[in-house]
Each structure stands twice: as structure tokens, then as C-alpha cells.
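After this come two complexes, each holding subunit A, first together with subunit B and then together with subunit C.
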Partner chain A sequence: MDFLRGLSKDISGCGLSGVIHRKGELIPGEVIVKSICCQEERGNGLGAGFAAYGIYPDFADHYALHIMADHKKALEEVEELLAHRTYMAHEEPIPTRRTPGIENPPLFKRYFVKPKYEGEVREVCGPEDEDDYMVSLVMEINTRIPGAYVISSGKNMGAFKGVGFPAQIADFFRIEEYRAFIWTAHNRFPTNTPGWWGGAHPFTILDWSIVHNGEISSYGTNRRYLEMFGYHCTLLTDTEVVAYLLDLLIRRHGLPIEVACMALAPPFWEEIDRMPEEERELARAVRTVYGAAMLNGPFAILFAYNGGLVGLNDRVKLRPLVAAEKGDLVYMASEEAAIRAICPDPDRVWAPKAGEPVIVELEPGVIPNQRSYLRGPERGTGAAACRYPGE
Partner chain B sequence: MPTEIDAKDLHYRDLNRLLRAKIAEGEREFILRNVNGQRYIAAGVSEKVRLEIYGTPGLDLGAFMRGPEIIVHGNTQDGAGNTMDEGKIVIHGMAGDVVGYAMRGGKIHVYSDVGYRVGIHMKAYIDKVPVIVIGGKAGDFLGEYMAGGIIILLGMFSRYPERPIAGIYLGTGMHGGTIYVRGRVSEHQLGLGLKPHKLTEEDEALLRRHLSEYCEDFNLDLEEIMKEPFVKIEPYTHRPYGKLYAY
Partner chain C sequence: MGERTKKDSPKKKVPQWAKFFPDFVIERDPEKCIKCRICVRECSYGAHIWNAKKKELSEDPTKCVGCHRCEAMCPTRAIVIRRNPSEFREHAVWTPWHIKNVYKQADQGGVLLSSTGCAKPIRTYFDHLVLDACQVTNPPIDPLREPMELRTFLGPKPDALEVEVRDGKFRLKRPLPRQIQLEVPIMFAAMSYGAISLHVHQGLARAARDLGTLYNTGEGGLHASLYEYGSNTIVQCASGRFGLHVDYLNAGVAIEIKIGQGAKPGIGGHLPGEKVTEEISKTRMIPVGSDALSPAPHHDIYSIEDLRGLIFALKEATEYQKLVFVKIAAVHNVAAIASGIVRAGADAVVIDGLKGGTGAAPTMFRDNIGIPIELAVAAVDQRLREEGIRNWASVIASGGIRNSADVIKLIALGADAVYIGTPALIAVGCTMCQHCFTGKCPWGIATNQPELIKRLPPEVAYEKIYNLVHGWAHEMKEMLGAMGINAIESLRGNRDKLRAVGLTEKEMEILGVKHAGE
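== the complex of A and B ==
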């Protein structure tokens, strides 16, 4: 019976933290580390990670591929594939440091590449398909090369993650050496999927990154839906589907963020019946068309891209999320204390409503390759979006 | 002289250990400064002590406590007053989700807004009648599965002008206790089978009694609060799900 007791769980939940500077100024890594470490008790040492935007200004036009590999052979296979498919500007090991408690880490390398995609193909298909090309390359590495995983694949951004407490993973990846205009961080408490290096958050595709607290019980439905569009889940964790759903709904289908968030956390039919007509029609269409993209189960998520940070809760708010603002900085976290640890005196603190995204985009034109996916207030949101209180 | 504790960079275990040791030594008044996210403060304490907290206390503030009076100069996170039995929590800011979860006695006074599922599963027994007074607005599922006690929602001191006074599923599954709401609440916001009712004279007296204490805590004008009429929400039966599985 003793060994059974040893398996019993500590009860906890994951911790999230994110910060964005709306003018694109860079925030030192220590800041986000301090914030996520304030929520130490929300994790159990089986996963932590960080996503950082604006960390590779010298290669801002290249896709930065962060590769995790179980062994050298996997890395060699990745390099062979990349040599065929991409032009590589630079490659290097991701700097790590020997950290107490981090045992047998996998290998980490990063490659700055542009797709080999030109001539007639490019003329016919147009340059916007570079992103699609990279998505299929990521899927190919993840599914075809045993022991190799793409941890992130966006421009001027990167994800760093592994098995350990946030302080350990930050130390291991030398997070204090990076400066970013958006940071997200995660402290993991795995509930029903393994605590392994690939399963730590953030999950990413292109420049989308997501950290998540909760359980996505619709994982199977979402995963099958995504497979129809060429996304393959290989990381054994429910959150992975959210990264691909964001890419599918927002980048490929062109849904504004507000509408995509409505697809992920749709209002109840009862609420839809009470909406004004135009909104009601939109909500009905979203629920009908994107039923398989709906995330069922409790969640609080933060996701980011080259241009913004978004916080979203499930529609009955079964996980915590707090937001705050101070000047050009906007913070979101599982606990208010995690925000106050790095911003003791915010101008405003608020608790977002269930299912209403908090969308914070950078001011226009402050970073290279900036993206904006807002539908904009002038067109009406349709979705109940809390862009900001008071805006 | 109250005992001052600087909680900066103190882990919650160390903070609570220190607090308990001081209480065992006979200290009865405390001021906690630089509190930020420490969980379970005063949890399970059964003495009549008084704590003034500056900062943002962490989850489950005063859980299971029986007696202490806690004054928070700031906001609280989720689960304040979880299953508390006696005593009082006064929050000068806003509070998170599941405030007063399964509360059995005592009082929680919140100046501003509260989150989701506040007062879920509150209960009462003979002279133990827990009370939650909320000065701001509340999220969905206020008083869900409520079995006893009193929730008073004012909607006056809110940071969310765009939101309704309460969310949806108010009182869902409630089978005891009373929720008083200042102003109006739409029927669609209420849990299945619930209806807003007019107040009786006893209700008025009860409201005045609880609200005058609330006004003292926050230095507010009772008459200003009483200017607007209240409605009350009560269960229509003590067994709302009695027949759910019978057919």
C-alpha cells in the first residue's frame, strides 16, 4: 500500500503568466521568471516553459526553429531535411547551463531558415504560402524523424521548455539573458498526460505560442478535426491542439481574433438566443461551422503572436485569470500576486469574464513582421470581446 | 501593540508557522505587511485574533478558521473564507472566485467586486448563519447549490460599469438560504425555477442589521444603500433535484 500512497497526487493547478509592452520595448527575462516563480505552488516540478518575442532581431526575417532531440542522430536527420528544404542563415546550440535537479536533458539546437520556395512555384502560389510551407515542414519533422521535435518555429521568437520547476528551467535555458516585448510563462501540474520535455508548455506553431491551465476534454475531437487540415499532434498533451487551432482559424481561415475566441469558447445557446440579431447570426454560424474547434473542459489560456497577447477563459470560468495594466505594460496571470510580484502598483487590475478574450495588440508598426488580427471596434465585434475595459 | 510581521519573500509555510507560534504565545493582534500570494493565511485558526493584512493574500485566506477577524487592505485571490466556521473577513478591494465556498458561519464583507461561484454550497445550522455582503458586482453562479446562509449583493462599488450586477445561473440548485440583490435582476439570470420576490418587513430589518455593520466597516452611508429597493431570491423547494432521477 505504501507505493500507492507514493502515487497520490498533490492537488494543484498550473500557473500562467504573461506580459506585453505595447510599444514593443524589450522586457528583461528576469521579470517573467520572478512572476512565474511567485506561483511555485501551482506546479509540481514536472514542467515549465517560456515563450519570448523579439529575441532574434538579427534574424528577424528568418524562421527560428528550436529543435529538441533525444540523440545526435535525430539532429543529423533534421539537418539533412533542412538542407533540402531551407536556406539556413545560422545554426547554433541553444545555450543551456548545468542546473541542479535537471537530469538527462535532451539536446537543443536552433536554426534560422527561409523556405526553399521560389521560382515558378512561388509565382503561382504567392508568397503568403511560406507559412504553410513551414507548418508542413514542422509536421514532417515531428512525425517522420524519431526523437526530434520542433519546439518553436516562428520569426523573431522562441520557446524554451522542459521538465522542472520554473526557476530550474529558467536557469537551464539562461532566460535572464533574453529580452522580449512579449513573454509568457508556464508552471505545469500535469494531470492526465505525461510530464515529459515535449509536453511542457508553451506549445507553438509558427509564431503562435500558448500556455494553458486546465484540461481540454475535447482533445480527441479537436485533434481529428485538425488532422483534416494537415496538423498532426505528436506531443502527447491536450494543449497542443490549441496552437494548431489558432493557426488554422486565425491565420489560414482569416477569422478575427474575437471570432476565433468565440469558436474556442462559444456562448451557450441560451445566451445566443438573447443576443441582438446580427450578433446572434454570427454566433450561430460560428457554433455551427466550428463545432469541432470548440474547447470543452476547464481552461485559462494565454496565447501570443508577433503583435499581441491574448488571455481567454472557458465559458464558465473554471480556471483563474487576472489582468492588470501599468502604462504601456499589460500583464495577465493565474494569480494577482504573480502580477504584483513584478508590478506592485498597477494602474488597473481586473478579472476578465468567462469566455471573453482580453486582446492586447502592439501599437502599429513597432516591430518587424508585425501581425494584427483584430476585427476592430468599428466593425463591431460580434463576439463578446473584452479588448480592454473602458475601450 | 499589534505584532508586525513583514511577509516579504516569506514562504506561506513559514508565514503561517510564525503566525501560529505567536498566537500560541498569546499574541492577539497582528499586522502583516508586504503579503503577496501567500496561501492559507490563518487557515484553521480557532482563536479570537485580529489580523490586518496589507497586500494581496493568496488562495484560501482564512480557510476553515473559527474566530479570527481578518481585514485585508487590498484584493484577495480565490477561495477566501473557504469552509470558514466563525469570524469575519473584511476585504477593502475586490475578491476572486469561490469566496466563502461551503461557508458554515461568520461573515465576509467585500467592498468591491467578486468573481465566479461566490457562496457556492454555503450552509447554515441553527444559530450558525454565514453572511456574505458584496458591495460591487458578482460573476456567474452566485450562490450555486446554496443550502443556507445569506448573500447580499449591492452592485454599487464596481470597477465594471459595463457588466450586469450578477452573471447568469444565479442560485442554480439552491435549496436553502437567501440571496438579496439591490435593484433588479432578470429572470433569465436565475437558476431553473427561481424567481425574484418582494421583501417582507422581517427581510428589511435583517438587511438593515447586516448592512449597518457593513457600512461601519467601510465607512459608508446606510441610507444611501437603502434608497434603492432590493429583491430576494429563495429556493422554491428544499429539494430542487428531488425528482430529477425519479422518472
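== the complex of A and C ==
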């Protein structure tokens, strides 16, 4: 059944937690560990993970590739490919420790690279397309090298994930040794397929990282839509499509983050019909053009990038999501208890409405390579990607 | 072929074999029959005979087509129409159907004609596909309590949107290309005025308006009384160009260029002169009583470039205010053909499957040419995606749809919307007797005889058609909800929601579905 390879997915229950410091100050890893461990029974020991932003300041201009490999040969093949396609500044095993309950983990290694994307190609395509180059490299590793998976590929960020409870995965990856200005964490409750290391969250592409609670009923539509734009879903879970959709809509199509969120969890037609004319025209166009990007089914997601953290619920709010703020810190989690575990007296706590994103960006200029998508990407490829039929 | 001369012609009256073996028998219960003669009046084929002298009723079963009109109208339920129980000796190859067809041709020497869709038991893939349903991790959605959206937009869509900030708010930089809004992704297939009665057309048009969808004029022009339904009308431009003028083109919201039809791919149409009444002559712009022959090809389209020429000629003629659809039959290389049509500038490609209905087709065509719509839609959707042009045009599927589950399955395979023809006719009383081509439809559907047309008033047609689609729409919402989906666009092309039962690996590969249990 080779032709159906990659059509599968699994389904999750799950707990989420995320925190961001608006001024880019670093938050110790134990904070997020405490928050996600507070939601232990939202998972079942079959997956947990963390994403951290700002952890590689020494290589802030390099793409940090976290590679998971089933065996050494896969790692060697990855290295051979990277040698051809990138300039490597540094490589090292991802530090782990022996953890009770975690048996036979795969190999983890990280590489800090810059793409060999230069000369005339660069002049013609522009510097932004380095990202496209990296996306295609990630797709190539994931689809062509058996036993090797890119766990994260952004700059100055990394994802750490595996099979186990959050406390075990945190222990295994020594999360307490990292400090980040954005953290997200996930506790997984897969029910349809056994958990596997690649299927744990966060899912990432470039510096997008996603943690997700729920099930994407529109997975088949989303996956086939993404395939038209060169994204291949290989990690067997529905969350993967969210990561790629964000990359496509925001980075490549140049949609402001709020509009992209509207595509993922759009208003109902009844609401759209009641909007003022110009607003209605936009909402109608978003649903019409991006119908296949809509995420249907129950979900709560947190997604982060080098510059912000966003929480988003499905449009009928079938999964929990709570947000809170305290000074420059903003928290989002599946449960208020998970926030209060690390912030006992927040200034404000609220439950975001269905389909209404909570978007928190860092103050401008507080970190290197900072990205802001509030008004669309600064140098987006949107115009080039925007092809009207007949043009 | 040589012509028979007078000398060669048989002098004696030649027996008609087909009449020896009628398909049906008419049973009349003399105890119940009150000799009211309604059956005589109702049977447009003359199968019931009244002997005024003897004051007796008798039957001619050779004329019975099995339409069941007499049975339904008999006030005392005295009549039953049955399959003729007389049996030929069993033979696996020479079934009665084949034998009788040989008799018919030996009697008449012509082409065998049939109506409606393919009657052969060619695999119906709908019946080998089953749908998913939510359980614990993903809850079903109850359409009685939660919004469930079937709204669909037909028309070309850009790959991406351009958004700018204006007055502090996000706004579109440029408007979308023209779209047609459907409240339910079910439209009424092309059935021409002439093939069906004006009353049915009036019912279809009104139902389309009230349901928020479209009906299609077919190649019969547009009757003056239907112009008021313009915003729910697709006007057809077929090879005969009947009734085609600029007001007609501008009357609807879309123009459909008909290249082919599922029931009879590769051949044109023929409305016999007997059906061309005064009204039809006006609408079609042809003389009363003349045969309306549509050629197999459009005589200005012998290539894809020619098709592009016509598409843009129609767009020019309507100042780019109307969408242009191109309808083809599902044939062997349908995916590549559809790709060409989309690249030629069509705003929607309509694919009509092997089982699509018709008023008249050569029987051998109807039953043997073309491919099932399920395979065609799956192949077309996949091909357009692989070429990155799926957004450029909508895909409309038709031919063999029998219920709302079939619609849901076609959308999951990749269709944007569907056309239904036969189900709408069955809704207004069609019993699938397969004799539309005679023009004598006793139910007042496929006929232009004034006394027969009156049997189906437009308001009855409207009510039945409206109810049918309303019911289907509700069922579709239920099925979507069961799958945990609350908007139809999340089902489009979502083949994960389908599983195959009893299909070969090749069939599953083309359909892009896994087997049940996987």
C-alpha cells in the first residue's frame, strides 16, 4: 500500500502550556515543566515535548536543525546531505540524560547551518527564499532518508520531544538547563495509534512550532491542499498540517497573522453576512480562497515563532484554552490551574472566545532575527505567491 | 450500406417478433374494476382499450412500458402491472434482454433507443465506499444545535490573497474573481425545454431560487416565463446553438458549454420534430415540427484552442460578468482533458459520469460508453492538484447520484458541487420506464403534449423538488456532523473520510482511499 503512505494520522486528547515574556527576558525551563506537569492526566505517557525560543544566542543567525534518527546510518546520510547543501557552523549531540521509563530512545543531534543559497540564485530569488530552501531541505530529509526526521529547523529555537510523560521528557532532554523568552509544552494523549517519538508535539517547520489538543477532522482536505504547495505530511499526525499551514499562509502568502487565524478558524457565514461591507468582503474572500485551509474539528493550539506566541481555538470551542497575563508575561494553557501553578496571582485571566486568536508579540527589537507578523511578514513573498487564474 | 429496392421489399406482412414477448403484463381485477376508463385516458401509449360496443375494457400489453400510471390512477386499485412472467430458457449469455433487442432490431432495422441512465450493473463505487463517524476523541456535531454550513462558491480562486491595512483594518487589496454562491452544493442538471415540459422547468427554476442554488436550461433556450429566475439559472450553449442569443447568454449567472454528456459521450442530441411545438419553436428559434439535431462536435471546436476561443467569446459577449462552465462526459482520459479545459479558461469543469440520464440515447451508447463518475472525479481532482491548478476552476460532478450520501461521497472525492437530473425527475413522479424518447410521458414530465403536461402542474413539481433537496441537505448536515465537520469545505477532497469495502488495490489507488479496517 505504498501509494497510501503518509495518509494516516492519529488523534490526541492532550494538555498545553505556553508562556512568553514580551520584553524578551529569558524564562527558566523549570517554569514550563512545572506548568505542563500540573496537567499530567491530560496525557497518558505516550508523548510530551517542549519548544524553546532564544536558546541558541551564539548561533542566532544559523538554522538550528534538531535531527532525530533511528540509527547511525540515517544520521550519516543526513550529514552527507547537509554537507552538500549547507555551511555548518557547529554540530553536537543534543544533551540528554538516562531517565527511568525512557527506554531505547532514538539518537538526537543538532546542527547549526546556513544554506548554500548564494550567487545568482540568491540575487534573483531574494534573501527571504532561504526559508523556502530550508523547507525543501526538511522535506527531503523527512521523505527520502529512512529513519531520520527533522524535529525543528528554526533559528535560535529548538524543539525537544519524545515518548513519555512531560516530567520524563523534561528530565531526558535536561529542559531545566535552557532559558527561553517563549516556551510551549505539550502532554499527549494519543488514542488511535501508539505514540512514537516523531509523533510527539511540538511540530515545527522553520521557527513555527505547534502544540495541539484535539483532532483535525479536516486533515485529509488540509493535507491534500498543502501537497499542492510542496508540503508533504510524513509524521503521521494531524498536527503536522497546522505547522505547514501557518508557514504557507503567513510566511509564503504574506497574510497578517490575524487574517491567517481567520482562515484557520473562520467565522460562520451567518456572522460574515452581518459584517460591514469591507470586512465582509475580506472574510468572504478568506473563506472562499482558503476553505481547504480551514481547520475543522475540535482543537486548541498554541503556536510560536521568533517574535510571538498565539493561542487559537476551533470555531465552536470544543477544546479548552485559558489565557492570563502578569506584567510582561503572558500565559496560555489548557487549564487555569496550569497557569496558576507558575503564576499564582495573574493580573487578568480569561477564556478566549471560539475562533478568536490571542496574539502576543515581543516588543520590537528585543531579540535578534525577530519576526513580526501582525501586518504580514515584513518582506513576505506574498505578492509573488498571489497568482490569480488567467494571469 | 446498400438501399433496399422496391423489388426486394417483403410483400407479405412481416411478423414483429418483439411484440410476441411483451415486457409487462397488465392484470385487471374484474371484481374491483368499475369501468370508469380512467386507465384508458391515463395511458398515453394505448395499452388500455375500451370497446364501446361491448362496453368492455381490454389490454394490449405489447404497448405497456411499465410506467405504472394506470396502476397509480386507478381509483379502485384494480390494476397491477407486472413483469411478464413468461420465461425464456435460461442462458448465461443470451439473456431475454439480449434476445429481445435482437428481435427489435430484426423488426425495425434501426438503432435501439433508451432513456434515463446506464441500466447495466456496472460497479457503483458509491456502494463500495463507507463514511467515517466520530466517537470519543472527536465529538460528533449535532446540526440541530450547532451551525452546519453547506454554502459553496463556484468560480476561479487565486492561490493566495493579498491583504493590506486600510483605516487601521485589514482589507482586500483587490477583489476576488466573480463567484457564484450556492446555499447547497446541489444543482439541477441540464434538461432542455423540449426534453422535459415547461412545467417541470418552472418547478426546477422556482425550487432553485428558494433553495439558493441553480438550475440549467439545457440546450433548449430559455422560455420567456423563466427570465425572472435569471440569478438561479445556468444557460447552456451546446453544439446545436438552439435558442442562443445575447439576451439568453446574459439572462443567467453562468454559461455552460456542453461538449459531452455522460449518457451518450461522443454523440449529439435529437429532439424529434413531433416534440417541437409552437412554444418550443419560439424558445429554440426553429420552425414548428422540425427536428432539432445537435451535432456531436461543436463545429467551431475541433481543438482545445478552439474551446478557449469559445470560452472567451462568451466572456466577451457577456462583458466578463458570467462564469463559463464546460461540461464533458467522463471518458478514459478525463483527467488530462479536464486539465486542458481549466487551462483554456473555464471557470468550472462539469464531469458527467457513465450513469448520467438522458431523454434519448442509443441503448448501446447509454450502457457501454464512458466511465463511472466516482473514478472520474477522483482522477480529475488529483490531476488538477498535481498540476497546481485546482483553485482555478470548480469541479462539478454528475451522473448516477441517487441520494445525499452519494453527494457527500463525491464531495469527499473532490467535487465542489454536484448536478442532479434523474433524482429531480423521480421526485416529480418519474417511474424510470425509460421511454422518455417517445415524448408520451404519462406522468407529464418528458413530454410536450398539452393534455399530458397538465398532469404535472408547476407548483407540484416545485414542491417535490424543493422537498427532495431540502431533505438531502439536512441529511448532508447530519453526515457532516457525524464526521465532526461543520463546513462543507472541510469535506472537499477529504478522502480520509472514506473507506473502501471490496475494491481492488488499483481501484482504491484511483479513488485515493484506504480499505475499511485500515
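Here, the second predicted complex is superposed on the first by the 361 of 391 C-alpha atoms of A that agree within 3 Å, B and C clash if a C-alpha of one lies under 4 Å from a C-alpha of the other, contacts with A are read in each partner's own complex, and residues count from 1 in each chain.
Following the convention adopted for this analysis, a contact is a pair of C-beta atoms (placed from the backbone, for glycine too) under 8 Å apart; a residue touches a chain by one contact, two chains touch by 3 or more.
Please read these numbers as outputs of a predicted model, since none were measured by experiment.
**Q** Going by the touch definition up top, name the partner, subunit B or subunit C, that contacts more of subunit A.
**A** Looking at subunit A, the partner in contact with more of its residues is C.
**Q** Tell me which partner A:K155 touches in the superposition: subunit B (first), subunit C (second), both or neither.
**A** After superposition on chain A, A:K155 lies in contact with neither partner.
**Q** In the superposed arrangement, which partner chain does A:G220 touch: subunit B (first), subunit C (second), both, or neither?
**A** After superposition on chain A, A:G220 lies in contact with subunit C alone.
**Q** Now for A:L255: first (subunit B), second (subunit C), both, or neither, which partner does it touch?
**A** A:L255: touches subunit C, not subunit B.
**Q** Is A:R340 touching the first partner subunit B, the second partner subunit C, both, or neither of them?
**A** First partner only.
**Q** Under the stated touch criterion, which partner chain does A:A351 make contact with: subunit B (first), subunit C (second), both, or neither?
**A** In the superposition, A:A351 contacts subunit B only.
**Q** With the two complexes superposed on chain A, say which partner A:M294 touches: subunit B (first), subunit C (second), both, or neither.
**A** second
**Q** Give one of first, second, both or neither to describe whether A:R110 is in contact with subunit B, with subunit C, with both, or with none.
**A** Neither partner.
**Q** Considering only touches as defined above, state whether A:V316 meets subunit B (first), subunit C (second), both or neither.
**A** In the superposition, A:V316 touches subunit B and subunit C alike.
**Q** Output the subunit A positions appearing in both contact lists, the one against subunit B and the one against subunit C.
**A** 270, 316, 389
**Q** Could you pull out which subunit A residues touch subunit B in their complex?
**A** 38-39, 41, 270-271, 274, 316-317, 320, 322, 335-338, 340-341, 348-351, 353-354, 389
**Q** In their shared complex, at which residues does subunit A touch subunit C?
**A** Touch residues, subunit A against subunit C: 1, 3-4, 7, 9, 11-13, 191-192, 214-215, 217-221, 223-225, 227-228, 252-256, 258-259, 268-270, 278-279, 281-282, 284-292, 294, 296-298, 315-316, 318, 375-376, 382-383, 385-390.
**Q** Subunit A touches which residues of subunit C in the complex?
**A** So the residues of subunit C in touch with subunit A come to 134, 136-139, 141, 146-147, 149, 151, 153, 156-163, 165-166, 169-172, 175-177, 179, 345, 385, 388, 390-393, 412, 483-487, 489-497, 505, 508-509, 514, 518.
**Q** Which residues, counting only subunit B, touch subunit A once they are in their complex?
**A** Touching subunit A from subunit B are residues 12, 36-37, 39, 55-56, 58-59, 75, 77-78, 94, 96-97, 113, 115-116, 139-141, 159-160, 162-163, 167-168, 188.
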